[in-house]
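Labels run A, B, C, D, E and F following the written order; every chain starts at residue 1.
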């Protein structure tokens, strides 16, 4: 049954690709006509009033989540590449931050988080009416976040839209052309991220089905992880993969990155309460416990297998834990988070260290192994461990519904990512030349190098 | 003149420097190098991928000396650099045809 | 007319130098007598009450803005110098943080932000009564920030006083004596920063004229940029300038720095709402949009001109955008911010890459090219794009008034900076010796070095 | 008299070791029976209600204090070791973060901050009832922090429990086995940190006596500093100490670390107001002033003695100031903080640069010299400078009472640390082998290295 | 004995090491160097200021061998290091008067 | 052929490169080294502990040249690298038995 139901849902969502492609040029056009009889997503609050405490925490969360991408993720990845690619790697995080900011401001937020008729939100995409944030002002409030100004909500969601594509970069590190990356990421944001964010959080059909995703297990991590896998497969392995020494050149950078990811993730998860309250507190505690559990699980697993606990291991485990607890953070209790963490630590270690080798693809920095696998673990286990005492919205949790959310996301992102890669390849090509790859992307793409 | 070149373990530099000082040899040039030989390297494993590190950090010390001194220099280095464990390194000696001190233009032994 | 009026204002402000020099020794003396008939700057609130949400956001903002200087700015600059000067460069940011903290506590806050008679604030300088924060306690509230404790307001303003002189260091990098720097910065804080902060924000004549400066376009950036230019001119070029390779030694450090500047700038701009509300949200959104726009504008301009997009380019553009949007952030709407960003990115690129060469001065890390020029762009365009729907205080915006603010600031800072440099030169000399410069400031000024 | 009284207290606290050892296995057992007639620690609030502004600031403080340890402290220490130990050093901070998180979640919080009968709290240890945070939910509030959710309070305290053991690592840097470190730190958290936190803050006998410790002078800094000294003495000096060049390999890392410590410390000290109010503001101002004063005091002292002001000097001074103002931050006024800072800067410089040499122990990164000595200075001077106008709880300040707190803490931590070291030595040994130490801990403990 | 010194492209090290291993040469010393020659460098532009980078990363490999072996070593290196593109590098041969193994004091061929 | 080896101050590299270019010598290999000699090092003090830094940064330049050119190369380097202050460095000359260009297999002078 689940398969049948899922197939239907997947079919519908693929259909929405056409809708989306058609709707985009006509920016002012209402797309909600395509979404008849959609369930009302979020109840409109009676008398919304800005709460200064909630707003304070959300302003802070914006800063924290932006810090996750720059410098956090940039450093996390930069430490793992070879020295000749370190600047190109931080460049990716920084450039994506800039590009997504503008796209989000121009139309992304409108598509993902607004609806022409909030009482009857678009099943597949939101509205195109808020082009350039048109119509949003200092008095606006989005019904999804009734106690904070809409500018703050839109900024908060922007930081999620920034980090998601940036995560993908781990999969094609050390070989993608910079121009190709810019084009790919722009299209990906509009055709993959924005719709999926709408489906789950913006009033779309997945949220309607009851898929639980507190802070982005499907929208952010499975999405980015699977897109990364497709990129790794389409681009192919790095030159010399398997023979040349590709050891991380400076894990101190990765340590800084992982630490800032951890700290910033409080904004991500506890911020997803969109309020300064006990639910935010629970999400924070869950995040902390799952992360520590996963970090130690990975470390001890590695210690057992290869006889040494490593810095790369413990920080990778921490990120795996952060990923896995993301969808669960506002639904489970700390004991649930603890178990999710341990599972994520062990399974992601296995995925990064063994699965990859088995299949032979070069997901260079394990975007799929950590974010894809970790996201799936978290999404499914949210269906197992959701505790109504923490969050009444989790009362009807079901691993089947969660699975549907996962499958729909995977299918959509896999297919559309592939299409976008093909388009990009036609436009500018995907990979740096062999000679450029050997000389390093720092010099060849950006004309710069790190001295020492 | 001779150029005595020694490949040594990095931790022995200070001993070698002092040993040479007691011979009144007060000049040398040191380079960080990587050595490969009988001494086994190690392997590093990153997320399940193993990289063999064949090359180990060593220091190369170059000392230009008068012919007469070269044997004593060799002995002094050998004693100061020896730990008795594999990987202690080598001493090479080359013939040095000509030396100039850039500052003064002096040549030969006077340039050392 | 504008010239006449400006000249008058400039004359008046130069006159205040005398006042200031005279008043300083007599700390308890009231200086407001010099400021007759000044317009009441900020309406005294009826019944001020601490708001815990506003306070939470302002406490956070203090942390964010301090992080901009240490480690942010320190790293941004340190990555751009040669390796032999990296420690000396971070030392400047750190030492300035300490020195300004004490000066602010001793008398700076009092001069800039307090008035003997708040209803009749000093035109040119504030009060000397709060020496050592005398008279300020846990119940104090400053009328300029009526919903937060005065300790928090004073701390917030302190972080601005810290970063402004630290910005100047970019202009004389790799050659100034450490002792000279300490003396110069101390005097500069008291005789340049504190008065200008008072003129614009503390109740002084520029705020009274209607000059709009939400978060410090004039007070912070034009001020620091012009002071930097004067320093570059007085100190002269680095030894070997134009022949020796002076390429940035490690742009990873600059990437971290720029990222933390960006993140911290939310405290700077959104914090300048001095409340946790929709205006803070608008300032945050404006900051984000302008920064991304400027970063990409610089990057694409460079890509066009020299055929490669660079890390240094995109991060420089981001900082230019942050600078330019600073005065505007709480007055314009996001579309205005977008335009400001693009202008700043392109013009600052031109200034840093071409203008400097044309004139031949060695503003080593482009303190003037980015902060001076970017600040002027932002200050003027605030007069163009201010939108009363965002902030009613911007209703009477005028590019002429803005220009007056800019000119006054430039004249004062240029003249007084020059005087202070001469005084410092007499006391200890300004530059490290040639041999020291060649060996590097790390060893010669601080007796330390970075190994690797 | 003070000696007699102190001896009694110390005796009692040593007795509690037995209690603790006995009570631990029986997790559910009430330990408060041992604590008859204890004075009620914190008055139970009449009708506790969550305040969103207070909560926002405390959520932020959690992020700030976590950032102090990772990446802050990790980098601060990592920059000071030799390059071959840099990864092992950051590994210590990261692994401790993970281990303590789990221990705190499992039982640490329960022991330290909960009591079976809150009206009659345990003199020596708290309750074992909240094993795995049992019984704590989204509606819980701890009487010690009546306006924020208990999850947030527990998270906040967790970050303190994380950094305290991490500080100790400075004392045994570059030579301890990783496995030994994990075991040692786990036991230390349960048998040293948790009880002392209970004594001072959780309702135990030291708080009852009137010992003032706003944010952890005794609990955190003296505790960690003295434990570090014991570690340094027991482990012995590094191989080659005194002859081999052990200069810090990259003080840029230490600069980043010190800066993040400073920024994060706002969460530590101002966060210890457990509210978003003027007391938090005062604590922030005090922190800033004392830190700057200590940094400059150390720098000028060094400039005088060895003729050069150094980066390591100024950042060490800053940390000394942060440490010393910690217990005082919510009790003294800024002038008091200023004096505390100057004393701490000069005395800690003396301790690190001269005292250590005199006695010949190898407290490698001066955990004792900075945290032990700085903590003692701060704890004692809190008794001198506490100002009831800042905090009425400080009205009955007494340097004698403070001294009692200091002595009790020192004795307990010294004795129990020594015992735990012996146990750990028996289990796995304490030091890496000589050959491992020479090759470096990065390769030998973790199988990794930094390239460049 | 001879000292064979090869300047090669960094990416060819592994091939060269293996080629030497098949000749039963199991010792060498490697140094990171910068080379200047026919191969063009590149230029880097920072905020409009152009810096020409004339020197390119190369590796210097030094191998002490018995006289008889030196020709085979040269050939092996040449084949392993050749890419056919400008900048492949050079092989230099020097006379090596004397070798000592620090650990044992052995000299001559026995020290290799 | 000869191998001319010069130890120079890092700041003189560009001058030396240009001087060699005017002799039509367009190849060389450069290594970062540390030098010890008459030039005094300095000491660094970290929290009261003093470390003497005996070794100063220098560059080693190696240039293979035909015998006839070697004197002119020496002179050119000497002039370009000289500052007149202690620590200017040395020039060493060795006999170079054999040169091969890896790319083409050319040997002798043709390989330079």
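Please note the rule applied: a residue touches a chain if its C-beta (ideal position, glycine included) is under 8 Å from a C-beta of that chain, and two chains touch if they have at least 3 such contacts.
Model, not experiment: these values are computed from the prediction.
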Both subunit A and subunit D are touched by which chains?
-> B, C
Between A-B and E-F, which chain pair is linked by more C-beta pairs in contact?
-> E-F
Can you give the whole-Å distance between the Cα centres of subunit A and subunit F?
-> 53
Any idea how many Å lie between the Cα centroids of subunit B and subunit F?
-> 18
Taking each chain's mean CA coordinate, subunit B and subunit D are separated, in whole Å, by 47
Each of the following residues of subunit F touches two or more other chains, namely 31, 44-46, 94-95
Touching two or more other chains - residues of subunit C | 51-54, 56-57, 60, 245, 247-248, 256, 276, 306, 308, 310, 312, 447-448, 452
What is the complete set of touching chain pairs?
-> A-B, A-C, A-D, A-E, B-D, B-E, B-F, C-D, C-E, C-F, D-F, E-F
Parts of subunit C lying in touch with subunit E, wherever the complex brings them together = 245-248, 306, 308, 310, 312-313, 316, 352-354, 356-357, 366, 369
If you look only at subunit E, which of its residues touch subunit F in the complex?
-> 2, 6-8, 31-38, 54-55, 58, 60, 74, 77-78, 81-95
Contacts from subunit B onto subunit F in the complex sit at residues 3, 17, 26-31, 64, 94-103, 105, 111-112
Touch list for subunit A against partner subunit C, complex = 50-57, 59-60, 62-63, 66-67, 70-71, 74-75, 78, 86-87, 90-91, 94-95, 97-99, 101-102, 105, 132-133, 137-139, 148-152, 154-155, 158, 178, 253, 256, 276, 445-448, 450-452
Per the touch rule above, subunit A residues touching subunit E in the complex are 240, 243-245, 438, 443, 447-449
